[in-house]
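Below is the structure I would like to discuss, written out as structure tokens.
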Amino acid sequence: MLRSEKVDRNTLAQFVADDIEAGSFVNLGIGQPTLVSNYLTEEHDVTLHTENGMLGMGRAAEEAEVDVDLINAGKVPVTETPGAAFFHQADSFAIMRGGHLDVCVLGAFQVSATGDLANWHTGAEDAIPAVGGAMDLAIGAKRVFVMMNLFTRDGDIKLVSEATYPLTGVGCVSRVYTDHGIFELSDSGTVEVLALFGLSFEELTSKSDIEFVDATSK
Amino acid sequence: MTKIVDTAADAVANISDGSTVLMGGFGDAGQPMELIEALLESGAKDLTVVNNNAGQADAGLALLIKERRVNKIICSFPRQSDSWHFDEAYRAGEIELELVPQGNLAERLRAAGAGIGAFFTPTGYGTRLAEGKEVREINGRNYVLEYPIHGDVALIKAFQADEKGNLVYRKTARNFGPVMATAAKQTIVQVEEILPTGSLDPENIVTPSIYTDVMVPIETQSTELAARERAQGAK
Amino acid sequence: MTKIVDTAADAVANISDGSTVLMGGFGDAGQPMELIEALLESGAKDLTVVNNNAGQADAGLALLIKERRVNKIICSFPRQSDSWHFDEAYRAGEIELELVPQGNLAERLRAAGAGIGAFFTPTGYGTRLAEGKEVREINGRNYVLEYPIHGDVALIKAFQADEKGNLVYRKTARNFGPVMATAAKQTIVQVEEILPTGSLDPENIVTPSIYTDVMVPIETQSTELAARERAQGAK
Amino acid sequence: MLRSEKVDRNTLAQFVADDIEAGSFVNLGIGQPTLVSNYLTEEHDVTLHTENGMLGMGRAAEEAEVDVDLINAGKVPVTETPGAAFFHQADSFAIMRGGHLDVCVLGAFQVSATGDLANWHTGAEDAIPAVGGAMDLAIGAKRVFVMMNLFTRDGDIKLVSEATYPLTGVGCVSRVYTDHGIFELSDSGTVEVLALFGLSFEELTSKSDIEFVDATSK
């Protein structure tokens, strides 16, 4: 897929949703990945997991529905869907760590060509660290999708040969969805370019020493 | 055998200085706020606290930290928009932080309760949170060795109990309660309602009575919310 | 996504030769007898079977062993008064036995489902069942390192399901079902009754639908027993 | 305690029951230990655990009550008591391994002075082995009581300096109840003799090289 303009977050969320197979069990990370839920239709029949202890999470609660005992991992009040199930933290993270989720969608500071993920810590040594479920999510699904902007505000590419930020997980990311393209990663470090948005293959390769393979015409 | 007491103060009365206190809750859901406030009142100090977070705003755990009653916190997500008391204590070097990925936190508590000496987890491998820890490749996957977290006391919030001490929880407020109940020498529970023994279906018990030491009935918003839900279901 | 099929034969149709099959049940309670019989009919061979026992009398797993379809069994208690088919195969050297203490068996299955690479257990330390295994002293207690048991398939029996695949069990028939459901690539469930999605209380689900791959409704004695119990409760 | 005659199994079961504190959570092994349940009164308020997945196990089922889904570890149909709870095998053995049971009562072939237990295998090399929950029970309670005859049919004492049968657990037994006496074990290997039945302290010491301490008058 090729588009002449970069895509916005909602369009990207739609692309991610399109790539989730019907009947999947999915965890959507906090932030940009949450947008994906807007594009999951009934036909998708996707069951959402929230790591604080629930399968079958519904949409965000409306004001009259707010229940402090029913929240998502971002501590936002949510609803439950028919066929939901509650469980405790050890059981919830067993679902993730055990590889039972089909897809997990996460944000990132950086992703390396071999799928290393950096999304929990900027590396600033005076920052107060907080990790939450980030490292469990990173290794917690059959396929881990990342959604992020391809470039930092300073224009540095965030898909890198080797991450410079502290890692969240090693070799765990399958696919990266960005405003400028979609990338399929592999253990070998060769990156398949599935889509480019407002960026040519040549422009991409000029910005990185990663070995890209052009698969945009597939 | 489970003891039922009348007040949160009675429930936490024998928590001594230097205790490791496991505190249930993920954000406000399942947080045993009244027990934590009673612990604050009790004056117990030099505590090690295990909780997912490091206190929010000006209540509960945040106040324990503000008053420098917590020497060390083991948690997964201390930094929040309203964790100012933790932030200040941490920057002042007045609280020790052990940062643990949330799933490893849950599993280490579960291991403590289940008599597991240590376990190899994939979570955190290759990150700075695994630095200095034993690692091993098993069947082509890399793991970090993690150890149990035992508590002297667990403070948790349940929804309903029977007089024997069997517990059920409400929705995502279940979170750390069931694993912490197994991991502490003494488990203290604030519960919305204590029913006669035999009222809870044996199939649906989440925490069996063997893990419950002290219970205090305290009605919170959860009771209202459950009533609202029942009313809606009856429509 | 959970598939509902009409017959036990359909449910086990894609179990291939050489599979590792986890079979629920402790004695007869929770034993997925109809699925095991269908597996017998299917002709699948060279199986590794994980079950607490090694078959009783002339039914189910015992017949699989009698017909030499099981190359290896991993279990805690093979020798029973009516385990004659196992006894004969074992004495003839025609079945391999891995004897595992019951709690380690359960924990190894749980570890497989929970993504744990290995764990240190106190059970079996210093005994001949720990011979050749890695041991370690941790905080003054001795432990043996044990590894997960993964299944290609789990055959289990539940009591009720919803169409989505959430499961509840009945009394002590729960036993190995929930852990085996998490430990296999494919979990096949025989269930007394499949209810519309939304019929089971989300607080009471024992096995969430994510673990259930194939379900077949089969009424057994459990349905009658539950009806008898309800009738007595209503008196 | 001193008695001139050896005691029968029922009397011994009564002694064990008397030593179980009110409100205890207890697992009674298959065989002789099961007799203890006959002497647990309502005042005892003991909750019985059965390792196949239940707390609050009741008495054996009468014929009209038999439920194949409600059995004990010996596969005998039982009943449930008010306040019972069912759980799966991993949770059930976590209760044991985690040291949450107050007392576990087991049979034995041999017990060593330091509390090593042998009760699962006679050592006969042609025997088909079976261990079940024996090794978990051995290490599965705050206090592990053994009930057995003090002597084999051949007259050999079963409380030994070192077990010759294959071990079930190391240093795990707290107290041994026998037809000829009750013994409190310790890590040091010194055995406190709490009671003797139809056996004098001198007769006892003459049959063993264990260091016994006479505490029968306590």
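When the chains are written out, they are named A, B, C and D in that same order, and each has its own residue count from 1.
Rule of thumb we're sticking to: a residue touches a chain if its C-beta (ideal position, glycine included) is under 8 Å from a C-beta of that chain, and two chains touch if they have at least 3 such contacts.
Note that the structure is predicted; figures quoted are calculated from it, not measured.
Number of steps on the shortest path from chain A to chain D, with steps defined by chain touch: 2.
Averaged Cα coordinates give chain B a centre that lies 35 Å from the centre of chain D. Here the spacing of chain A and chain B, counted between their Cα centres, is 29 Å. Counting only residues that touch two or more partner chains, chain D has 54, 80, 86-87, 90, 93-94, 96-97, 139. Residue positions 107, 110, 114-116, 121-122, 169-171, 202-203 of chain C are each in touch with at least two other chains. Pairwise, the chains that make contact are A-B, A-C, B-C, B-D, C-D. The touching residues of chain D, counted against chain B in their complex, run 22-25, 45, 47, 49, 54-56, 80, 82-87, 90, 93-101, 139. Chain C meets chain A in the complex at residues 1, 110, 112-116, 162-164, 166, 182, 197-198, 200, 202-203, 205, 208-211.
Here chain C touches chain D in the complex through residues 26-30, 52, 76-80, 86-87, 90-91, 97, 99-107, 109-110, 121-129, 142, 169-179, 206, 221-222, 225, 229, going by the rule given at the top.
Across the interface of their complex, chain C is touched by residues 50-54, 67-72, 75, 80, 86-90, 92-94, 96-97, 116, 121, 127-136, 139-140, 166-170 of chain D. Residues of chain B that touch chain C in their complex: 107, 111, 114-122, 136, 138-139, 141, 143, 147, 168-171, 201-204.
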